[in-house]
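I have a structure here, written as structure tokens, and I will follow up with some questions on it.
First chain written, first letter: the chains are A, B, C and D, and each begins at residue 1.
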Amino acid sequence: MAGSHHKQRLRDIKDTGFGSNSSVEGGRLINPDGSTNLRKVGIPIWERISIYHTLLRMKRAKFLIVIFTFYTSINIFFAFLYLFTGVDHLVGTDGATSFTEKFMEAFFFSSQTLTTVGYGRVSPSGMMTNFIASTESLMGILSFALVTGLIYGRFSRPRAYLLFSPNMILAPFKEGKALMLRVATYKNNHLTDVEAQITVAIHEKEHNKNVTRFYQLPLELSRINSLALSWTIVHAIGEDSPLYNLSKKEIEETKMEVIVIIKAFDDHFSNIVQQRTSYTYKQLIYGAKFLPMFERSPDAAYTLLELDRINAYEMVPMEEKVLSEA
Amino acid sequence: MAGSHHKQRLRDIKDTGFGSNSSVEGGRLINPDGSTNLRKVGIPIWERISIYHTLLRMKRAKFLIVIFTFYTSINIFFAFLYLFTGVDHLVGTDGATSFTEKFMEAFFFSSQTLTTVGYGRVSPSGMMTNFIASTESLMGILSFALVTGLIYGRFSRPRAYLLFSPNMILAPFKEGKALMLRVATYKNNHLTDVEAQITVAIHEKEHNKNVTRFYQLPLELSRINSLALSWTIVHAIGEDSPLYNLSKKEIEETKMEVIVIIKAFDDHFSNIVQQRTSYTYKQLIYGAKFLPMFERSPDAAYTLLELDRINAYEMVPMEEKVLSEA
Amino acid sequence: MAGSHHKQRLRDIKDTGFGSNSSVEGGRLINPDGSTNLRKVGIPIWERISIYHTLLRMKRAKFLIVIFTFYTSINIFFAFLYLFTGVDHLVGTDGATSFTEKFMEAFFFSSQTLTTVGYGRVSPSGMMTNFIASTESLMGILSFALVTGLIYGRFSRPRAYLLFSPNMILAPFKEGKALMLRVATYKNNHLTDVEAQITVAIHEKEHNKNVTRFYQLPLELSRINSLALSWTIVHAIGEDSPLYNLSKKEIEETKMEVIVIIKAFDDHFSNIVQQRTSYTYKQLIYGAKFLPMFERSPDAAYTLLELDRINAYEMVPMEEKVLSEA
Amino acid sequence: MAGSHHKQRLRDIKDTGFGSNSSVEGGRLINPDGSTNLRKVGIPIWERISIYHTLLRMKRAKFLIVIFTFYTSINIFFAFLYLFTGVDHLVGTDGATSFTEKFMEAFFFSSQTLTTVGYGRVSPSGMMTNFIASTESLMGILSFALVTGLIYGRFSRPRAYLLFSPNMILAPFKEGKALMLRVATYKNNHLTDVEAQITVAIHEKEHNKNVTRFYQLPLELSRINSLALSWTIVHAIGEDSPLYNLSKKEIEETKMEVIVIIKAFDDHFSNIVQQRTSYTYKQLIYGAKFLPMFERSPDAAYTLLELDRINAYEMVPMEEKVLSEA
């Protein structure tokens, strides 16, 4: 096979943070959302998981459910505390006679204390009940300090808001071929000093063992000043590429995974933002080229970026080229 | 035309994030306030717009109106909820008989719950009303957590506070000419490691098609250690300039747009700040030079920076120079 | 001694921020947790200590105790203020007759004011008591603003969450030997652009004086693109190493301290994070090699990182190698 | 004069952000606290001043006074509003008959509303009063959101906490002389990647005009890896120095100002911090050398940094050296 002979002359890289026996075949290294396909074991879960960051990256609906559940649980807990110390110490609850009524009075008194709304129709008396109420209102304030921080952290978390083309394509390029993918920002943000780094993980047989080799893919342009519209990232498949002279079938046999890291300065956040994704060989369209995704507006007053065309491509003939090269 | 022959030897740049068919003629690429003159379509608006950043960059008055409207709407919504579950469950509202009176009681009870002020003259009773009030006070706390974050985000957002001269000028410089613009900080902030980057977008005809070409303009000084007073950014129009040997009329025909990016370290925020602006050919003063905008104070005790003189210039003869060069 | 002759040709470094007469022998320069083993004197403690940062880095339990103590103290202080101005100005406390009862009423009124829960069963009357209550509720809001900031600061503080191997090992490496240590992230975070810097402090006799010399240790790989799994940091002991040709006993005699600094970009925080640690000669395992700590999952779907194996090593024969080199 | 002849061969620098006609003689460019000795005029003060940053950098006592004054003013304002709409709409204030009593009731009701403590002994009734109270509690929440942000901003503002020696000294160094100053961190913080940059502003006569020239001073070590103890920054006065061969009297005649900028990475804040200061020729000690300011602790367990010795120096003979050089 021409490809594997050639690859022996290429230097694979060791500094990817993944080892040669990590999983490529079957599983992937990086999930499409950029997280690592990895499980850490050996230390307790509460040391392994950053609760703060889990809450920070949670979907909004789930986050609200977590808060509501937390709020209800705390109230139930304190309601029982008030019941234990005697609901008669809650002045204004004389009307409550059944257990349910007493519990509801205690529960809603708890919620009025926790949120510090404190209407006062019901109020604590006696040292123990007062102490519990005092502790609960402190706890309420601390909890909501935490929630304030979480909510601020959630919306101020620097993110690149990048849209990647769902497919990467293998297109004719200059005299040869190139691997291409496309990226654009989908929010009203503006990135500058944008850098792309593409690494390919290739599944190889070495002395009858399955190993994973990593190669940095050289790019036509690995850094652009500004990303206002879209950017087609191009890896020309030359002699310095591990994909050099591989046919469509040979590429599939590598079971390759292409890891893309974009790093940029975002002036929304005045911060560096980073986004990762990965493509497997199954997401490769062989013999296609991207179609333009922006155009001048009809009145030539502004530029129109069509985000739903991020993956717009058309098929182009490729096979004969490959044959002539081989 | 001398200019266009010359330009063929210059290398235009591809890494601006704008394409060659984006809009220059008529519209502009970058608005004077630094935002991109661009519309994104193809995905729903709530995915395209970052609500947080929209609220962050909103004018103060508008921001306060948004908050007040939000506050009133929530109260109206909850007032109706209390009405539906029966205003008689709001203890202390016996005096209210007409619908308006009942609504007002419910509305103001709602506002006392949302802000957690909870005077208690009116207080909830019954499970349903208590549950709504409990949810509203939780929602109040979450909303104000959000507002706290927004307000903090608004005033802590790193900004360069740069004042650009409204015009750029074409001045005699050394043996030839130079394009100049002036910049100063207008707040009590101090920038260090200040970098300027100037790109010109030029409208050209190529094979009967209108295309936009981008050129990086080399600067006399593209980085200064510290920006305490003002900085005149100078592009000497030499052979490496796309404006080389262009007459006033030829410059106008390029319909050029000059995009300026300033990046610096601000010790207010201990952060990198960035500000953009752009000038079109209509903002160019041909044959002028900037007048000084700072001076030693009368008692020589400090330096005086006159910000209203940022655009102060005087006309200087230019034409004959251009002719002799051509 | 071969080693000390050799070391005279090496250049020690002066830019470590430690002096040659700072403490190495006996004490250490950097504690295992990365803090500096240093005391600052000569200015008052409140100028030397950053209260904010002390509260930020405090263990969680201790932090909660500090807050609870602060809350109780403030309440006790204000309770006495209310007692002094007359507990009869607290409307609703008529039932309290003994000092203890009066104090408890004042104390719990204070806590209801500080947390702004304000039930209203007890409320202030009279100018002085009202003024105190008004001041206390302002103070409550300011304190809890501070606590909100602290809590946010605590969980948003950028940290690398790095686990270092408790030991460093001296292993056979290529033709010679190498000093190795291992590092992995233990949370669900992902580091990119990871840099390691290793400095060794060596205790030497110079003209009968004990001095400390610092040497930068060159690394096989001092920067990796990404740290997803584990990273074994390797210093090959060649001629450019201050440990060149030292026997096990000679290494112990240097009483060396190895200072490790890791700096990386963390995409949790979108910030640069840094973590330090140090190893003394007592933590060196002579003649060992690290065992793998990650493997493909049984179903090859993901990679499994076993954090409890961070220090997993096995002994390997070394001595004869050393002898042949000497 | 040897010095001024020599200086003509040195290149002064233009990128300091100060111009040659800014003030040095008499006044200074940078104040000892690092702020710029500069006044900006020509635009309204509210555009020139960043209120947020003014509040952020204010001394703590002054900041608390501002908040207390703001709180009292708002309460007085709303107290008058409640008086105008009729204090009889404040239920529970029937006992107040005199104007003072009515005002106090209104004032304290206002404070209970603003802080959302809302005891409820006094509560609003009627649409107008309810509307005002509702607006006030919203305003209270917004104000305290602002205060929360300010307090967080105040203590989380990245600062270098550097102590500079009050004097700079001119000391014998190697074969010649050197200008030295000393710096240390005075809090429990630790700086890494510390860079120093020293610029000298020299007052010169040029064609009978007073001009200010700026020269970058080359340093023996302009960057250190880590600043744990103290750092003596050394400018050796060689041929590349504008102070070369100047006598004590000639140095005084330059009326020089030495501007020092330190930039570092602080792991407290995980951020870059920067601190500036400046020395005038009046702060120069001619013929002195710094004494050590740290030592091993008596039990050799740690290092002791004596911050009150930051300016400790002893006089050393210098004059003859200068003469022999001239």
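In this section, a residue touches a chain if its C-beta (ideal position, glycine included) is under 8 Å from a C-beta of that chain, and two chains touch if they have at least 3 such contacts.
In this text, all values refer to a predicted model and were calculated from it rather than measured experimentally.
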Any chain touching subunit A and subunit B at once appears in the list C, D
Mind checking subunit B against subunit D and telling me if their interface is mostly the same residue numbers on each side, over half, or mostly different?
different
Using mean Cα positions as chain centres, tell me which chain lies farthest from subunit A.
D
Any idea what the CA-fit rotation angle from subunit A to subunit C is, to the nearest 5 degrees?
90
Using Cα averages as centroids, what's the distance between subunit B and subunit D in whole Å?
28
Can you compute the centre-to-centre distance for subunit B and subunit C, using the mean CA position of each chain? Integer Å is fine.
40
Residue numbers of subunit B (touch at least two other chains)
112, 116-120, 148, 152, 271
Per the contact definition, I'd like the list of subunit D residues that touch subunit A in the complex.
116, 118-120, 148
For subunit A, which residues count as touching subunit B in their complex?
67-68, 71, 75, 104, 108, 111-112, 115-121, 144, 147-148, 151-152, 155-156, 161, 163, 186-192, 194, 221, 223-229, 231, 265, 267-268, 270-271, 292, 294-297, 299-309
Spell out the residues on subunit C that touch subunit D in their complex, using ranges where they run on.
13-19, 21-23, 25-27, 29, 35-43, 47-50, 52-54, 56, 91, 112-113, 116-120, 122-125, 127, 130-131, 133-134, 137-138, 140-142, 145-146, 148-149, 152-153, 157-158, 197, 199, 261, 263, 269, 271-274, 276
